[in-house]
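Structures incoming, each one as structure tokens.
Each of the next two complexes has chain A plus one other chain: chain B in the first, chain C in the second.
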Partner chain A sequence: MNGLFSEIFISSLISGGVIAGIPLIYAGLGEAISERAGVLNVGLEGMMIGGAYGGFVGGLSFNSTWLGLICGALTGMIISLFMVVLCVRLNSNQIVVGIAITLGAEGVTALLHGAIYADTYPRVPTVQQVAIPLLSDIPILGPGLFNHHLSAYLAVIFVLFVSWVLKSTGIGLSIKAAGDQPHALEAAGGDVHRTRTIAVLSTGLLAGFGGAFIVLVGAGLFVPFVTNGKGFIAIVLAMLVRGRVKWIIVAAVLFGMSLSLTTALQLAGIDIPIDLVLMLPFVLIIIVLFVFGRRSYLPAALALPYDREQH
Partner chain B sequence: MVTATELTPTAELIGITKKYPGVVANSDIHLSLRPGEVHSLLGENGAGKSTLIGILSGMIQPDAGEIRISGELVRFESPRDALERGIGTVYQHSLLVPTLTVLDNLLLGVDQGWKLGREVATTRLQELATLLDVEIDPSAVVGDLALGQRQQVEIVRALWRGEGVLILDEPTSMLTPQGAEKLAQVVRRLVSKGLAVVFITHKLNEALDLGDRVTVLRRGKIVGEVSPSDMLSKDRKAITKEVLQMIFGESTKASNTTVAKHVAKSDEQVFRVDQVLVAGSELHLVLDKVSFALNRGEILGIAGIDGNGQKELAEVLSGQRKVDSGEIQLDGKSIQLLSTAARQALGVRYVTDDRLGEGTVGPLSIALNIVLKRVGEAPFWQRSWIKNNAIREFARVLIKQHDVRTPNELVAISNLSGGNIQKVILARELALNPRVVIYNKPTYGLDSRTAYVVLARIAEQAESGVTTIFISTELSEIVAICHRVAVMYRGQLSEPIDVRPGIELQLGALMTGSTTV
Partner chain C sequence: MTNTDQLQTAESRFTRISRSTITAMIPVIGAIVIGGLLLMTLGRNPFVFFGNMIDHGLISSLGRQETLIRMAPLLLIASGLMIAFPAGIWNLGTDGQFVMGGVVVAALGPEMAPHVNGFVLFLTLFVVGFAVGAIWSLVPAILKAWYGINEIISTLMLTFIGLRFSALLVKEYFFDPETTVPQTRVLAVADRLPRMFSSRVHIGLVVGLVAIIAVHFMMRKTAFGLRLQIVGMNPKAAVHAGMKMKPLTIAIFTLSSGFAGLAAAVNVAGVDGVVRAEWNPAIGLLVVPLVFLARFHAASVIAFIAAFAVFQVGGESASRKSDIPNFMVLVMVGLLLIFMALGEYMQLRSSRKHQS
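Take a look at the complex of A and B:
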């Protein structure tokens, strides 16, 4: 039974959607934190690709998926230090620095990979999938949604955790204030620079983790530019969910599905030019921005450097 | 003189000095804040009130001087230090996060573990709401509150970590009369509980109504004080007169200038503004039915404290801002719907007060700045091609005519001094047949000699038949060159009156919204 509604098509679409969507959740969540704190982090793609490479090297060296993911997260965080120093502390233009980070990280990782691994193209250790009992037995949906590496489920836990932090903790409150009215935070005795530093470092950590996920759980190997614009899609997602971070899960899986459509269509034996399908997520982004763009929530002090003496 | 009834000051500022490049914002300020006393701090814009408050609240570090709290020497490195010493400030512009709830705004920046203690905070909020005798909904989102309620939240926040000194910076500027009345009640209640309140304002009546003691600042210095005993014993009119004299002083800038004032002989009406209205916030109109008429060659002064609608009026007249209703006429024809460029072609010119932001493009040459408002027009552009020679030639003539000090016309304008930049702007606006010129604070930031040159130029232009609207916060200037003067206060323009010697007090009263002199 071939065609659009065959079980294999739907199942592979969902499964692929989750695998492609998880990095978007991590990165989108990270971006959401930065944006709420008033830092527009255009370097997200760079932090992801850095994390992807760091994760790849870590995964190979330790022969462990988890240690690889942790290395990826740390690499992303180290890259985000550029953003902290240049944008949060020295008040440089966030967009320029972000673009520089992205271009720089893409170049450096491609160069390192070319110099070290280009001849061998090694593969990272295979992942252990954990099927959640009962849920994974649901026909059609079950295998696609509930049969993944543990780090995929971890994404959901992270989202819930960040959502709680933003709602119920002091640092969450400070982050929201730093983005909406930083002078109020300072007048109340808070520290805008410190808050934004924490936010940007968290973004680097999550984006790096997401990038490493692409390599270690998704693709199984590193190729230059492996993130393929996912960082930019995640920036749009973070803006679209208007600060309600839980919605990132839904949005990310939808975009993930459009990203994985190629594979699913091939598996289902439907012949559509591959370039057309590869275009789909970006066309989708444009359409979504047309429809919802004006409603996207942006903190009042987004992308504005903070200077206490300037009122 | 310390009597038995005078307690130790809650807070004391001793010899505070703060300098910024080019200005001394505070010069050797001594101020004592006593428990149970409302201390009104009066002064014009730029008198140094905000700097002083910034220092007391920890936002700004003084260059010299010390702060004592209950007799103990302290140093405030940040607003947090001041808050912890019980000094809370309600800033002029709301410093609450509009997207958060009242309770979350109050919890902001408070150190207390990982999870927010919302229950404890609710109790504290109730406690303070009772102290203020107001009702505050902890779960309301601040952005949805009326300005008066937001201010109550800010007062609560100022007292959150201790009830010592409450600083209110221009607290009534955003309030309705009812809101101001409620605020006065709250303040009275707080001082009766032993707080020291600092009340900063430029509205004379409020300062006298609410204050137990009044201190007047001018140009960074304390120039006078009315003690509590004087406040009680002296007649209100006498105090008002005394304080007005302190605020505005004798004529200062341009005081020794004698700009020849010609008599406006013409009775040909050129410019007429009729019931012009610009709506702003729900509280008060930006321009509230402003009307006046000007004859050829007449100079009308518009006095007022900054921010009462003068800039908006200038923008409406020049075409940079739309009117909501009303009419502007030039030579009997309505021009309120014309664009800025069209009005300029008719001879309506505007000399902005924002010389660097709106008036010039810093990195461009003087020559290009001179033709900035004529881009695309012949002879400087022909068939879309820039004619550099024509522009340079034109610029050279104007530079000479207006005595702009520069090596040549190709220097980037940002390299010139403020006075020379202003001369370039004047040259641009006064070139090619001006009919009506609006000047917005044309001498602002200039040294007195350059200020004199500018004033003389304005007067000379008027004599040659240019109708002039002269907006200024310096009364002495207005008296020196204007034929008539009107005062803007909260978007309303008073009836213009003829300028005569000794008019300053009357103007000062109008500027501060005071009716009794």
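Take a look at the complex of A and C:
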């Protein structure tokens, strides 16, 4: 049976939506942390592509998905060091540095990949999917939602953990204060620079992990510019959920579904120009900005450097 | 004014200029050093690479012509950014505005060319390119002016949409039925922009230079330009001074992205003559660091763009010779931006030391 309501269309849409949505959860969660701390991280795309390449190299060298993911996360964190040094410590313009990180990381990874792997195009080790008992047996929805690599489920745990940290711990309170009232944080004996450093490093770690997920669990190989704007979509998601980080899961999977629509439509045998479908996630972002943008919550000190000497 | 006074002013002017030249050169040198180290880790000789680059981008006559041709669209995109950035508008969507303008101009050109003379043709194509570029930033402009939504994301999103939409236009509506690959009809070489100095360089270069200089004086010498500078420095003060922010914001977006569309029109009518589906030169974001490095000053912008064009043209053939993919330019722009941010900090620190 063909058409929009066929089983194959719905299950491939959900399964593809989860695979495309998980990197958005990781990166969006990371961006949410650094935005709360007052750092607008436009370099997210660069940290993701760095993580994608690091994960690719790690996965190949150790022949292991998990070690690859860890290498990707570390690469993302190393790239975020640029943001820490330049934006948090030296008070450079966060937007200029963000663009620098994105362009530089895109260039370096494409260059390295072209110089080292262009002849062979190796594939990373295949992933082991773990079906959750009972849940994965639900007809239509089950296989799409509950039959993935363990790192996909880990995203949910990360979101819950970060949500708890922000809400109920001292460091979470410091992060929010660094974004809303940096002077108050300093007056209370906190350290804005240290708090923002921790936040940005966590962002790099999570974005790198998300980028590595794209390569190791999603695509199976690295190609230049493989993240294809996912970092920017994740920035919008982080802006839209307005500090309620749990909503990132829902938003990311919805956008993931729109990203995976092409494959699902092809499987269902529906003929729509591919460019129209590929445009959809970005059009969706603009619509969402129109509808919810006015209410999107951004910290008061976002994108403003904190300079002790000026106060 | 006494003689010594004059001497001192001249001297301080000289130190100021040389100092700002040095500040602008530090990022360039830093980017070359780190880029060279990267080449070395790939087992390539950086001296050979950069030598080839200068040779093909600047010294050989054909390369030099190509460099001048490449400068035209870069100068026009820079003109737009020289309006937007000082006014505090982060138009990062020039790539989408460029592609959309180029696609429409490429479709229109061959249809019009047999019916009108060259002057009418080029004027129409320029106006259409400008208008399409401007329209492509209308949504971010409205989102910014009425809802206060950050334009960084919305303009970037419009680039992603524009790349797909322009491909769709070429594949579904603007295609040349006589070719197998999806592309527009070709603008005959005889119908393209006139060339200068019996070389391949077309008059688009002049259009670009005029635009840069015009924008330079508009931003510095006219009431409108001054208003934009105030909006950029302190939007609250601008509102207090009675400026109407909504029309001003729309005007900034329109001008800035219109120039990106015009850049594409000049390139299509001057050299390309045709646009294929999936066409994306992606030069818009690369211009961003150049206008910052030049501090929005016309002469410096022209100098930086000339150097960058040498780099682009020379980098392509140097990459081919060193057998690496042509991504060095992207790497260097990223490095330039990072060193620029560092340089900015060092300057701030030294001026603070000076004060205290």
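To be clear about the criterion, the second predicted complex is superposed on the first by the 309 of 311 C-alpha atoms of A that agree within 3 Å, B and C clash if a C-alpha of one lies under 4 Å from a C-alpha of the other, contacts with A are read in each partner's own complex, and residues count from 1 in each chain.
Convention: a residue touches a chain if its C-beta (ideal position, glycine included) is under 8 Å from a C-beta of that chain, and two chains touch if they have at least 3 such contacts.
The structure presented is a predicted model; accordingly, all values stated were derived computationally and were not measured.
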> Touch check for A:Trp66: first (chain B), second (chain C), both, or neither?
Replying inline: neither
> Of chain B and chain C, which one touches more of chain A's residues?
Replying inline: C
> First (chain B), second (chain C), both or neither: which does A:Ala187 touch?
Replying inline: first
>> Between chain B and chain C, whom does A:Tyr153 touch in the aligned arrangement: first, second, both, or neither?
In response: neither
>> I'd like to know which partner A:Ile286 touches here: chain B for first, chain C for second, both or neither.
In response: second
> Which of the two partners, first being chain B and second being chain C, lies in contact with A:Asn91: first, second, both, or neither?
Replying inline: second
> Which residues form the common part of the chain A surface touched by chain B and by chain C?
Replying inline: 309
> Mind pulling up the chain C residues that touch chain A in the complex?
Replying inline: 38, 42, 90, 92, 139, 143, 147-150, 152-154, 156-158, 160-161, 164-165, 167-168, 171-172, 285-286, 288-289, 292, 323-325, 327-338, 340-342, 344-345, 352
> Given the complex with chain A, which residues does chain B contribute to the contact?
Replying inline: 59-60, 78-80, 83-84, 89, 91, 93, 95-100, 104-105, 107-116, 157
>> Quick check on the complex: what are the chain A residues that touch chain B?
In response: 168-171, 173-174, 176-177, 180-181, 183-190, 300, 308-309, 311
> Where on chain A is chain C touching in the complex?
Replying inline: 42, 82, 86, 90-93, 95-97, 99-108, 110-116, 118, 224, 229, 232, 235-236, 239, 273, 275-276, 278-279, 282-283, 285-286, 289-290, 293-294, 296, 309
